[in-house]
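First subunit A sits with subunit B, and in the next complex the same chain sits with subunit C.
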Partner chain A sequence: MTARAQNNLVPFALGLGTLICAVLLAEILIRAGLVNRFIVPMPSQIAGAFHRVITEEDIPHRFLVTAREALWATLLLALVGIGIGVLLYRVKLLRDATETWVAAFASAPTVLMYPLFLVIFGRSEKTIIMMGFVAGLPAVILKTIEGLAGTRKVLVNVGRSFKLTEVQLFWKIYFPAAMPTIFVGMRLGMIFALINIVGVEFLINFGGLGQLINDLAERYDLPGTYAAICFVILVSVIFFFLTDRLEKWLRPAA
Partner chain B sequence: MALAPQRSDAPRAAAVAPLLVVNDVSKKFETPDGVVTAVDHMSFDVAPGEFLAVIGPSGCGKSTLFNIIGGLLDGYDGHVTVAGETVKGPHPSIGMVFQEESAFPWRTVTENVAFPLEIAGQPKAQRIERARHFVDLVGLRGFENRYPAELSGGMRQRVAIARTLASEPKILLMDEPFGALDEQTRLLLGDKVLQIQDQLKQTCLLITHNITEAVQLADRVLVMTYRPGKLKRMVAIELPRPRSSEIVSSDAFGRYVAQIWGDLREEASRGMHDDETLRAAQK
Partner chain C sequence: MAETGRLTAPAAPLFAPVTLLRAAIIAAVLVIWELVAASGLLFRDVVPSLSVIGRALAELLMDKTYYWHLGVTAGEIGIAMLIGGLAGLVVGILLGSNKLLSRAYEAYLYYLGPTPKIIFFPVMIMWFGVGPGSKVAMGTISCFFPVALSAAAGMRQINPVLIRVGKSFRASTWQMVTKIYLPAMRLPILNGVRLGLGVAIIGTLLAETKLSNRGIGFLIINAYSTFNMPRMYALLIVLFMLSIGVNALVGRLGGVDAVKK
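On to the complex of A and B.
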């Protein structure tokens, strides 16, 4: 095995090992009665519930619905969030006027605004997507500003010394320099978006995995509920993997 | 080496028209403590193919001068011309190498070097081929597809030099390009710069605070005063060419270093005294 393969394998094995240990610990604690099994089901029960929720609860369809909503929210975040971030970076007056508000908005419990969104968009996927998008927006805007503002002056001067136009400076210097920070913002935005998407699906009992979690919880099918939550995590893992690939494609040195 | 240091208070009498002329340039900055004159009535010129080093103590306005000549700073008095053309903003005939690491971390060595050619709109195959030539020139063959993070500090500076050379500037303007490197790497990179200059007959203007580097590389050394930065003396370095870093052990080299240090010492002391006074006032 090459040193590079070993370097990649060791963190993966450590991460997987830690997860397995945590699951085993939970199993032991619940079996020993230290954790109430009527509140937290045993991991073995959750594993046993997977087949049932997949076959009886139409998980593939619900998974795709939630993934689609998350994808739309992510695309909106990339377009609008990065766009606003660039605008606020470029127009200092706007930035000074709004940056504090954007930061304050990041900590606002926007999920509680769902009745307003229901009125505007109706009980539809649009409401869920927009709630996810709004929740993730501040992180993307703030990180885009941070990334652009953090571009080293010498790199900009190199561009200026080669007589780059403002547009060339942005696409050839600022954007690639800011990309790692912008991707951090996108990942944070996606986390907030997915939490809100599943949360709103749960609250309005509509859509994909959130609605299923609501149904299963109301039936007090706790192993099924936790199995469904695992699929939400899977959506998150897939989106993280895809953004990681995208970042490596756009900036191979990252 | 029996050459005696020659001292000249006037710019070298050039047989050909100077390529770069800095004429009566002054630059003042507004600061919270008042107006600071960074550069004060500086005038000198650089002949085609000549290597001029500008040396001065920290804070004497060397980098301000670099930015003015490079067209990155405006709002100054006097004028700068390249081949008779006034510099108003970055000029295509001037290629700049910066003190800080400036290789683009997201581009490979070849992509970095090809950058100015990409901006000029050259087709990809052509610019990659051209970039490889400059990568070879700075001795980075075998590292074409590496990213700057995979290179040493000296190699990264060579990438920056190759990138600037790829734009084929008439004047290579360098601001302490080896400032962050250790002494051995600095001497060896000096050799590389000398080889390149010899091969390309490149006109060079080096801003530095390192006396050894200035004497090793330059045909003339312009000594600046401490704030405000003025021309204190122009020293002609009449050491034989082609040179290499071996020259640093010669007697003549030592005499030039001593002579320039003699000029610089008083200025550096003044700078240090000012710094200490400022720190004491801030306490």
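On to the complex of A and C.
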């Protein structure tokens, strides 16, 4: 084993070891009666509930429902968010007038508008998709502007020396140059969208994985609730890990 | 909530094109809103007229019980920030000051940070009950991650010379933290607090909308349940203004430091 691999293995083993120890400690404390098992189920029970939740609660279908909502929100974010970002970049006056508003909107707790969206769109997938879309929109707009504004002048000058039209200049110079930053915005937007989608599913008890947690909690199926929460965390972590890798691949210098 | 950065552009003159365009956009939105409200295209009361919303806003601001609910929510968020922020700060300093700990545990924080925290609410109800405790817990776990990650990053950015100076004076751990680490990482910590505050507000209020009989979240969901749309709009307007204002205030604190620097 090389020194570098060894260097990486120690922190990994420490992190994983701590996690395993914490799980074992919880199991012992609950079995010993020091922690109430009607409040915190044993980790072994949670592990046992995984199979039941996956088969009986139709997790694959619920996962697909949430994935479909996230996909629609992402498509809307790409179309509307990048579109508005490009518009604001091209029309400087409009950008100067509204960029601070977009930034302020980004810090507003938009997810709390879900009762309003419930009234407008009803208790349906549309509400969930729109909540995801609204949450991710400011990040995509701001990063699109940042990416386009950061295009190197020399690239633009090369395009102009080739007498490219404005449209050609945009598609051949500006957009490819801004792509990595736009992807950062899309990634942030997708993260906000996914958080809101699962959150609103849970709150309005409708849809995929979020609703499953609410359902199981209302049935007081504690091992099932914990297992479903672990499953959602797992899905989130895999999603963030993959988009993180993709972003690093797109921006090798970052 | 997104990290938006600070916008330090000077205020535009009264009749500058930007100001005029902003006024025109606001006027256009208000006119379109009023037209939609009057047209009857949407369900009655879904888009109430501006005068109705204005009246609801005035009633809300003159309602004493509203301030009581606001106080409850502010208290929950304040306690959550205190617990989650302090815990995040301690964990961040520990991770930032020790390479092994950072490499062992920081990835867990990094990937757990963006997961939707509201899914923990059933667990928090089990642990802390249906009262304010579970809302405080939701706010706490929401704000812990951004503060911890910012503090860890800030700790790594401290000029090593400052740390060497502290050690050469044989400063104790407490003195190192209070005299070197914290002053040197003020900006990243403020940034983390700003992000943490935003998510703590969301976590606490969402929990209140799900299960509570007090707080602003409860008022919002109560307005929805009784289909009192003007009141719901009024509540959302006030809430957004407060959130953006508090966020800007914390950001301004960081801004003052940046200018001094």
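A few notes on this one:
The rule is short, and it goes like this: the second predicted complex is superposed on the first by the 175 of 254 C-alpha atoms of A that agree within 3 Å, B and C clash if a C-alpha of one lies under 4 Å from a C-alpha of the other, contacts with A are read in each partner's own complex, and residues count from 1 in each chain.
Everything that follows uses one rule, which is that a contact is a pair of C-beta atoms (placed from the backbone, for glycine too) under 8 Å apart; a residue touches a chain by one contact, two chains touch by 3 or more.
Everything quoted here is computed from the prediction, not taken from an experiment.
Residue contacts after overlaying the shared chain place A:171 against neither subunit B nor subunit C. For subunit A, the partner that touches more of its residues is C, with subunit B and subunit C as the two candidates. In the overlay built on the shared chain, the residue A:161 is in contact with subunit B alone; subunit C does not reach it.
Look at A:179: by the touch rule set out above, it reaches subunit B but stays clear of subunit C. According to the touch criterion, subunit A has no shared surface contacted by subunit B in one complex and subunit C in the other. Residues 1-2, 4-5, 7, 9, 17-18, 21-22, 25, 42-43, 46, 100, 103-105, 107-108, 111-112, 114-116, 118-123, 125-127, 198, 201-202, 205-206, 209-210, 217, 220-221, 223-224, 227, 229, 232-233, 236, 239-240, 243-244, 247-248 of subunit C are the ones that touch subunit A when the two sit in their complex. By the touch criterion stated above, subunit A contacts subunit B in their complex at residues 152, 154-155, 157-158, 160-164, 168, 172-173, 176-177, 179, 251-254. Listing the residues of subunit A that touch subunit C in their complex gives 8, 10-12, 14-15, 18-19, 39-40, 93-94, 96-100, 103-104, 106-109, 111-116, 118-120, 138-139, 142, 188, 191-192, 194-196, 198-199, 202-203, 210, 213-214, 216-217, 222, 225-226, 229, 232-233, 236-237, 240-241. On the side of subunit B, the complex with subunit A involves touching residues 70-72, 89-90, 92, 94-96, 98-102, 104-108, 115-116, 119, 147-149, 160, 163, 167.
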